[in-house]
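I'd like to ask some things about the structure below.
When the chains are written out, they are named A, B, C and D in that same order, and each has its own residue count from 1.
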Amino acid sequence: GGTTKSDVARQQSSAPSAASSSTANPNAPIKQGLKIAFLPKQVNNPYFTIADRGGSDAGKEFGAEVKEVGPSDANASSQVSYINTLVQQKQDAIVISANDPNAVVPALKQAMDAGIKVVSYDSDSGQDGRHLFINQAGAEDLGRTEVQLLAQQIGSKGKIAILSATPNATNQNTWIDFMKDELKKYPDMELVKVAYGNDDDQKSFTETQGLLRSYPDLKGIISPTTVGIAAAARYLSSSSYKGKVKLTGLGTPNQLRKFVKDGTIDGFELWSPGDLGYLAGYAAAALASGQITGAEGEKFKAGRLGEYTVGAKGEVLLGKPTVFTKDNVDEFDF
Amino acid sequence: MCEAMRMAVLALSDVSKSFGAVRALRGVSLKLEAGEAHALAGENGAGKSTLVKILSGVHRPDTGQILLNGSPVTFGGPADARHAGVAVIYQEPTLFPDLSIVENIFMGRQPRTRFGRIDRAAMAEQTGRLFAGLGVELDPEQAARGLSIADQQLVEIAKALSRDAKVLIMDEPTAALSGNEVARLFGVVKALREQGCAVLFISHRLDEIFELCQRVTTLRDGTPVAEDLIADITPDDLVRRMVGRDLDALYPKQDGVPGEVALEVHRLTREGVFTDVSFRVRRGEIVALAGLVGAGRTEVVRAIFGIDRQDAGWVEVGGRRLRPASPTAAMAAGLALVPEDRRQQGLVMDLSIDRNIALAGLAEVRRGPLISRAAEHARAQDWAVRLRLKFARLSDPVGVLSGGNQQKVVLAKWLARKPSVLIVDEPTRGIDVGTKAEVHRLLSELAVGGMAVLMVSSELPEVLGMADRVLVMHEGRLVAELPRASATEESVMSAATGRTAA
Amino acid sequence: MTALSEATPPGHGGRRLFDRVTRVRELGIVLALAALFGVTGAVNPTFLSFGSIRDILLNSAIVAMLAVGQTLVIVTRNVDLSISSIVGLTGFGGALVLADSPAVPIAVVIAGCVALGVVCGAINGLLVGVAKVPALVATLGTLYAFRGIDYAWAGGRQVNAADMPESFLSLGSRSVLGLPLLALVALIVLLAVGWMLRNLRAGRELYAIGSNPDAAVLAGIQVRRRIMTAFMANGALAGLAGVMWAARFGTVDATVATGKELDVIAAVVVGGVAIFGGSGTVFGAALGALLLTGITSALAVLRVDALAQTAINGALLIAAIVLDRVLALRVAAALRRRRYRDAR
Amino acid sequence: MLVRRWESLILVLLVGVCVWAALGVDGFANTSNVSFLLLDTTEIALMALTMTFVIVAAEIDLSVASTLGLSCAVLGWLWNAGLGIELIMPICLLVGALCGAINGLLVTRLGLPSLAVTIGTFALYRGLAYVILGDQAVADLPAAYTSLATRPLVPLGLVAVLGVGAAVLLHATGLGRAVFAIGANQEAAFFSGIRVKRIKFWLFVAGGAMAALASLVFTFRYASARADNGVGLELAVVAAVLLGGVSIFGGRGSLPGVLMAVVLLGVVRNALILADVANEVLNFVTGLLLVASVLAPNLGALWRRRFTSQQEVS
């Protein structure tokens, strides 16, 4: 007896969905002195450091006070206490990359009730816990292009594996689903295993080794996580598999420059994390200034990046990721 | 001998030492001379061990000086005293349980080869010689863990003797030993003394003082009361100096009437330790379990009380079989065991005196589900007075008590339960003569009052003075049962050494 | 166990048995290792290939070195939880210096990292040895504190392989005499520390301190100094491990080695080092490290479901401790029975 | 005596920090913030209660956070399977107790050191959580419960009731006495007829069950059941217990001290975050607090020793 899953489902379907009642004024100027807080998954993580720096660059442009706060462990629950303190501090907007999309929702809802605008970036929170999601690249796009990249490199043929972060990483799991789907188009490519390096150097190393040992005829590895791809590249470059097993995925040019040049990696992709933060900063300011409310079709200007349109479910797409190869990798510094 | 000419190797001059409110030593002077064995006598808590610890650099005196060869020195720690040629046997063994006996003996001063490497061969060879001299039959490579108290004491002795010390200090080295080992120890110590070593000896066994020493200093409540040449005084004089009054009979044995069987041990065996041990103890009876060190007496009483699991046989209390390996069941049946190692097994050093006494009877100091502090306190107060415990406050941790007073706390803890069968393992180890008589009277009274008492003791006079019957063990077997009338030093010793079959 | 039941001349039975028992402790791990390699090799022969063995040695080198250092501390009845933070600090610091000041010779950087490790160890040693803060508390504190310094220093920066000189990175993968350099370094450290622990007074005194701290004072051992030394040596090894980490992984940021302290302690414990001090060898600890990294590698190779790996890892860890314990109990029982037979 | 002094030290520190934060930190002294910060300590406080018993008994349990994770995973899995939440909750408590029982059995029956055992089960239980729930996150939990858990009165009431109960149990009953005795000298406790193994076993069981209870609070509070719930919480719990004056060697400590330490840590964190102190400083301060709290009394002793020039050997 008692309350079961189906009870809850029934209740929810009958409950009216809360709609934002306020209206947007596209011509409102961006308010001065806005207080915007970036809450990344983890501070001291180089990726987020770059992204949040993009955010504070944006802040400087429109005269806002931008700060970065957050836990040092990428922990689902530790973000919640930060959200609560941000509410106490009466920030105008919170820009968050959620460790656990569900766990942060109740706290974010309270923040929204307190009049704080919430933008998620990089990793979305539950839809009713934010006004906008700045999507670095369509999950579908990323998943499919990575498979396509690898397919080019190995001639669309052979066994491949994926080296992901933790089994619970939401982003990674969505991308992997699209990769699997895209792979249906390549009948000669076989995904033999999804390994998890837990975003830990040592574990990623060991997992890469394990993949190569247990599948001696492996042709390629996709690692859609920066820690994983760096570890895998490092291992491959010092092993006899260098150049024979192709590696692609998501990484920063600085991290992988050496490996692109020495032939370990032919190509990999990533969006610009700085631009992501920059855009999120503008989106937050636009919300806080009343230019937009987060409804589909609204438009706002994001400084040097130009104009963006809010898509379905409050998503704003940053743009297509850049593919980095030997030829262009030196043009980037992040 | 002219006083002025006495040249002390190590001396204390007007030393005082307090621990908080407790004044352990007051204005003590003492001279240890080359070639002389000096005894230190005094009741429990008189300050003997404190004095030892000052001489060995563990404590620093509050006032007064230590003189080495006539000139003042400061010992910053035990290492300094050691460098000055002072070897110490502490009252409580201080072994490293994980290390082998050899390593224990040489720790901190292992012989080394030229490259600084430890010379194991030299260590083994020296240990062999030492053990031969002391008649110790332990395997030097064995780990010290699990050694009986007596064996630990022997290792401590070997450790101190191996040092070629100028001063040898022994704080109750014989408390756990039986006659044989004591004789051997004295042989070695006498030889050392004759070679010019100064000896400080502490014991509550007066006969030992009179056998080994030339001079005795008596402490009472931390104050020196007398210094005598042994030749000038009698044991009774010494007792009077220590206690401040004359003592009654040392073994105040009252004759009780044995009642029904309270404890029956039936063919108890624990492989490798003791075999086929059967005996009975009746109400109103004191039965002594005698034997040489290592005969297995402690192991037998441990198994009876359920500390160790027996491999065969059983124990009955009041006609009912005990569940094996359960001290709780044994206690419920009315058994009590005063263990031989009070520090490890008898007491929780960090807990206060009253809590230690209540520990074996937590169910008896309750009001409803909660512990009553008042009941706990009353229980402790009662027994502290009866056993003449020397303490500052009942809420002090038991660890600050002197050795003998700690032993009294263990006794109090078990007597407070009013057991029907009391097992005491070396009940008077480290207890001063005055209290010893007290404990003996108490045991005797309890027996007369209908308690069954099983006493393990390595002190032959105690065994002969107290027991209604003597059971003798040899190498894990019961070899003789001697009624009080026929129990003599000779008969017990010959059984204990295995010379006669039962 | 069969080796134990063969007849030994009476009188010396106890002693020989004792020798054997001590050897059996490490033997248990060796057996476990053999089983691990045997089973995994049977399922997937490539696990036993030269390259694979080389990888496993490389993987375990850093943990093994940390385990050796940790053993020094644990035998004194202390523990150092802060090593992962020391590795993080020195690993990131070393990499940063290499990246920002290419003029500094690599040898100087390595020495600097070791020195930094020694300083961290000395702080622990002061807290534990002199100020008498329980080691678990003190090093739990410095675990947070050192990592805090590391974060502050890094400020979110990452040092990448491209930023560091190739000659440094190659230290992480180069082989000398067929053995990976890092494994060789770990082996030399292991042998040296093992020898010192067994044959030097200082080494034996560490065991004495762990076995009975009070008695160690009475025996005139310089307890404070020895504890300081143990922590500093451990810090030095952690510092060395930090540079090794940077050379091996190439990409380092402030989070390097987070949480590795439990792995290291697990290795030490599996290696038969008593957690309450006084007994155990560095060889056991190093074997423990090898076993644990071996298990991780084997699970990866055996195509075990990724989600189940953590659980299996934990189960195997417990199995190893239990096995070790059961062996020890049986040996003790055999010892008692033997005494019984001798007595008859 | 030491314990008394310790508690007052922590209390003084706690009051001091609160006064400083109330005066100097914007947004600290208002009910919603205080209830947030107290709410945030709920799970740690719950687990610290039983951890105190375990550490006083001279053992340790590093697997509590993993037990919490496993219990969350079981909850999510059963919920997905369609079971009623009122039925799932007792099952979770049972699972937690079972985890504790495994720890307890390994420690008491095989005589293994608990540090080693619980490092093993730390990995095992977390691993099982992943096996059970995999990479799923279960979030559609009944609102009745999730809102209950975010209302400060309910979780805090739970902590208060259990806290008082635990304090009475530890400080005023025979069981508590026995636990202290076991921690201070296990052999002497055994010789006194205390059932050392049995008591230790049940302490571990209670620790596991309490972790499961904490997992329920956690799950409902965050409305999210995942296999990685509560990662790393064990160190926070141990740190709080140690800061509360419990001796890591057993035999010493007090529950009020521990609860005050839990709150102290929570207040310090909250105030520093509110004051926009960087995360690295936060870590540093946590570590410093831990060391300093033990160091302070010790330094006093060191100082005194300098002057009375005596070296104690206990």
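We adopt the following convention: contacts are C-beta pairs under 8 Å (C-beta built on N, C-alpha and C of every residue); 3 or more make two chains touch, one makes a residue touch a chain.
Protein identities per chain, from UniProt: B = Sugar ABC transporter ATP-binding protein; C = Autoinducer 2 import system permease protein LsrC; D = Autoinducer 2 import system permease protein LsrD.
The shown structure was predicted, so the numbers you read here are calculated from the model rather than taken from an experiment.
Using mean Cα coordinates as chain centres, the one most removed from subunit A is B. Our note on geometry: subunit B versus subunit D, Cα centroid distance of 43 Å, whole angstroms.
With centres taken as mean Cα positions, subunit B sits 73 Å from subunit A. Centroid to centroid, with C-alpha atoms defining each point, subunit A and subunit C lie 37 Å apart. Touching two or more other chains at once are residues 130, 134-135, 278-280, 283, 313-314 of subunit D. With touch defined as above, residues shared between interfaces to two or more other chains in subunit A number as follows: 43-44, 72-73, 167. Along subunit B, residues 58, 77-78 each make contact with two or more other chains. Shown are all chain pairs that touch, namely A-C, A-D, B-C, B-D, C-D. Taken in their complex, subunit A has these residues touching subunit C: 43-46, 48-49, 72-73, 167, 193-196, 201-203, 205-207, 209-211, 213-214, 216, 227, 230-231, 233-234, 238-240, 254-259, 261. Interface residues of subunit C facing subunit D in the complex, by the touch rule stated above, are 127, 130-134, 136-138, 140-152, 214, 217-218, 262, 265-266, 269, 274-276, 307-315, 317-318, 321-322, 325-326.
Across the complex, subunit D is touched by residues 53, 57-60, 62, 76-78, 307, 327-328, 330-331, 337, 339, 344-351, 355, 358-360, 362-363, 366, 369-371, 399, 413 of subunit B. Those residues of subunit D that touch subunit C in the shared complex are 62, 106, 110-113, 115-117, 119-128, 130-131, 134-135, 235, 238-239, 242, 247-249, 278-291, 294-295, 298-299, 301-302, 313-314. Partner subunit B is touched in their complex by these residues of subunit D: 168, 172-174, 176-178, 180-181, 184-185, 187-195, 251-252, 308-314.
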